[in-house]
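Labels A, B, C and D are assigned to the chains in the order they are written; within every chain, residues are numbered from 1.
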């Protein structure tokens, strides 16, 4: 009974989000699209942090590489073809993930965090200093790609609502794919590797291969998010690959809750709204100008009080209630 | 009791309906209020508001309502900040910005949402080139212009070889390309172009390289805090006496107080200078110094002032009805602006056609010592208007 | 009795320290080969070298007469070598059955089949059930592994190794921290496994060793000082002085 | 490249390396001994630079002191700040895992960045070098080298020497080295851990702030200057081996030379070189060059 109730609730939520643009102005639709893209991006990192136990501080590299790839390759004169641009952008991100993953998965713990940061900074400086990506000013995507076979246009993303639904669809597909993946044998294996890698090696799993494939898949999904981000504003620049971006999406996964897949989505929603809220004069008046201060304090407090993140909150409360009940002797056993 | 209530309600309705004719014009400022260009953003806003104040607080009978967003000179936040003004505050006119990268994002957002945009500084050639549109105007210059104006001056002084140096971003590259084009047309040769990432100010390695290349002259493009540091380091490295330094006017505009002795005698070219001694300019400088005592009436204030004049010209033509976009833009495009720098008109791509003065730093002023190039128009390469 | 695993002249050094010094031993199907020795004698290092976690500096290892010295641990495991750890290493948040199913699945890996759910893999479910039955845990399939008693966890540890159908079992102190009846139950289990497997038993509990072991090797400071059946070992003078002390 | 230019570029590299060492040494000690990844360490460098800028007029007015007095004031204030911060914030981080430390100190960066913009402003400021150091030494016919940069290298070398002496010769140094090699062990040696942590943290902050203050006239003060040097310092700490001062010094010099000469020979790829260096070292020595303990 409980699971059907939950299914109905999720379906209702999806329909509500799908119909949202009818009721809001252009700005807030744009904000929701941004949230959906970051949710997809955070889901891709969740596959690494939550499922495989690999904490990467360089995940924005794949996000940025796909965004640059689609912008560099789409024609100046008209919209590119989605069938070609999306797979190629994702493949470009996966290629970089394969090369850097094969190297960085040789290290562990804090060194792994630092090596992923190093490889992301490498990609950042390639776009920041050289002319390939138009330097620090970035480059423009003049026309959003469209889904076209021959000259039959199935899906024209230029229409805001179509692009909105397309982004929502991509995010939901990614969530479903990851849920399926985690229930599969591959998912069971990387769960085992996260909990106890030596045990899995002694059982017969070549754990390096599993971790590398998980790293490449996560890179590819981050590439999808990067593609959508480039299509959203039609503008890409090196800051997409900066370490602050990797830090932000890692924050979304941890604050959302790395224990559950959908924790990443909650993290993306809450953090983007927090950022937006702290900046609006309406809510914070004069303090809005210094939103970094309130946002920074909020991060410190939230990470401190929510070790398992928002998704883990019900469990955390239940555990505390359970402990409290055990601590004080219940009156009945006099 | 009920009776009076209905009369006040009626009055309120009347005021409200009348108000729409009297509706305010919403102007969105997207300027840098933090970072290396903070002072420039402030000067532009002061210049704009000074002109509106001089017209009695109204342009063509319309009150002006201001919305402000700090773009932090960060291209990454360009589209987001632009949408905050366009979609959330739904401004009628956008005024911004200083940094070329951010200005390009702003121009694209304005073009996509068909909002009129007046650019008070950023000289990115693309804005009046491939990105040009009938709703985008500029009250300042294209990066190409000041650079191009210095070429003939340097050639005249007999310099044969030159090194150009600037930040590795659009404004730097286009300005030094402009100089290279005119300098080489007049027989000179640019032997090397040195760059460093924006807003890095670690000039030491590059100054060392300039000394080893020993060119006849060094042309540079820096502005704001970067310009202050570069001129000081150039002097500290002892290059000022051995290798003459020239640049576009932004090297010394609004920064002379901070640069002090190290900037004396520097030659720059710009569409504005101190000591023009025309009645229009003196009136502007007097009004500006009265309202903003400790701020110099520099080129940024003039550009902000002229942006307001362009808007006023547009609004007069449609007597304040902002919704008639095409008519307003037509009027702005054809307007002749009586600017403190001297009257100028707009090219079809929306860029000022104006004189460029040669200036020399004397004390804390960029003294005008003659016209470098008369009525220089931007070639607007790539604009299909 | 066929020799399943044989190690020849194994030496392993850590910087200056020689942890294992020229050790050779064979594991035959149907026998329990116990390795005893004081702390720091190199017993656990030997298990790690045999299992493939540590590469030997010298010497070679053969599995069914095939040289596997250069094989990484996962490949040796898939070739039929199971291992259990001194410290309990199970997946506490998963159920007892799932613990065994994950290790069982190591032998039926379909790397790229991402669509079919893991539960539907009949082979690994059967292997898990069989292993749980062998270890006497078939009643606790649904329970969360983390909530088992210490003895229960040690049994699950063995079950997880059994689920991979090994024919060689390397057990590192399976009886550590167990009460008397749990020890008896574990020894009965080992006894029942003897017929199908070659078992290496590293243990401190002397009574248990002498009750179950068919052949014993005694190690001191990384070297083998005695090898033979239990009676000979008990009577061996240098074993007594070096290890048992004057227990007489 | 003629020899004089080469000499000048070497001086530039050494000066940049020494600055990096001062900031990285604090970072590696804090991480090695207290096991805390402190992303906010770059902010202490920024705080030092802004203190040098803000205190200069005040010191001149009240204490009548010049540049050196300002420097000393900056170091003292930074030590107090470090002591206070460890007590009120960092001491709560010991029980947290690396991931939460990374995120909480990430939040702290935003707080420091904004406090700086509230207390001072968002503009870029120059800090005047003292008059007696403002000249430049002629090298060859055209070239000159600013005296102030030599002063920085000299002073930083002195501070590095002082740090090395404290670590190798004094009792406090012995405790710190012990802590760096084996954190659990120092508890059993009867050392008051909390006091040791607080002192180590205060030293770390003071070193970073001093580096910021002394470099201010050369680097000038601008928003976000802390973040740029933070990443490079992590590279130095990881290359040198976490917890190792010797490793941090060698790595800082290595990065200084690679970065300076990289800008000359491969200007387009300058930014990437440092990270190629780090990735290469980590792949062959996954624990850095001089991993402690």
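One rule holds in what follows: contacts are C-beta pairs under 8 Å (C-beta built on N, C-alpha and C of every residue); 3 or more make two chains touch, one makes a residue touch a chain.
Because the structure is a prediction, the values reported are computed rather than measured.
K.L.:
Touching both chain B and chain C, which chains are there?
P.N.:
Common contact partners of chain B and chain C, which must touch each of the two, are A.
K.L.:
Quick one: point me to the chain whose Cα centre is farthest from that of chain A.
P.N.:
C
K.L.:
If I rank A-B and B-D by number of C-beta contact pairs, which comes first?
P.N.:
Of the two interfaces, A-B and B-D, more C-beta pairs touch across B-D.
K.L.:
In whole angstrom, how far does the Cα centroid of chain B sit from the Cα centroid of chain D?
P.N.:
The separation of the two C-alpha centroids amounts to 38 Å.
K.L.:
Please work out the Cα centroid separation of chain C and chain D, and write it as a whole number of Å.
P.N.:
About 51 Å separates the centre of chain C from that of chain D.
K.L.:
Between chain A and chain C, what is the separation of their C-alpha centroids in Å?
P.N.:
Taking the mean C-alpha position of each chain, the two centres sit 42 Å apart.
K.L.:
Would you please write down the residue numbers of chain D that are in contact with two or more other chains?
P.N.:
117, 271 - these are the residues of chain D that touch more than one other chain.
K.L.:
Could you list the positions in chain B whose residues touch two or more of the other chains?
P.N.:
Within chain B, residues 197 contact more than one other chain.
K.L.:
Hey, what residues on chain C touch two or more of the other chains?
P.N.:
Residue numbers touching two or more other chains: none in chain C.
K.L.:
Where do chains touch, given as pairs?
P.N.:
Chain-chain contacts present: A-B, A-C, A-D, B-D.
K.L.:
Help me check something: in the complex, which residues belonging to chain D touch chain B?
P.N.:
Listed in rising order, the residues are 1-2, 5, 8-9, 12, 117, 121-126, 134, 136, 138, 142-144, 146, 149, 218-220, 222-223, 260, 263-264, 267, 271.
K.L.:
Using the touch rule from the top, collect the residues of chain B that touch chain A in their complex.
P.N.:
Residues in contact with chain A: 70, 74-76, 78-80, 83-84, 87-88, 100-101, 104-105, 108-109, 112, 124, 131, 168-170, 197-198.
K.L.:
Spell out the part of chain A that touches chain D in their complex, as residue ranges.
P.N.:
Contacts found on chain A: 55, 57, 103-104, 106-111, 113-115, 117-119, 121-122, 124-126, 128-131, 243-244, 247, 250-251, 254-255, 290, 292-293, 295-300, 303-304, 307.
K.L.:
Contact residues on chain A for chain B in the complex?
P.N.:
Its residues touching chain B are 25-27, 30, 128-129, 135-138, 140, 233-235, 237-240, 242, 289.
K.L.:
In the complex of these two chains, what residues of chain A are touching chain C?
P.N.:
Against chain C, chain A makes touches at 180-181, 183-189, 191-192, 195-196, 198-207, 209, 213.
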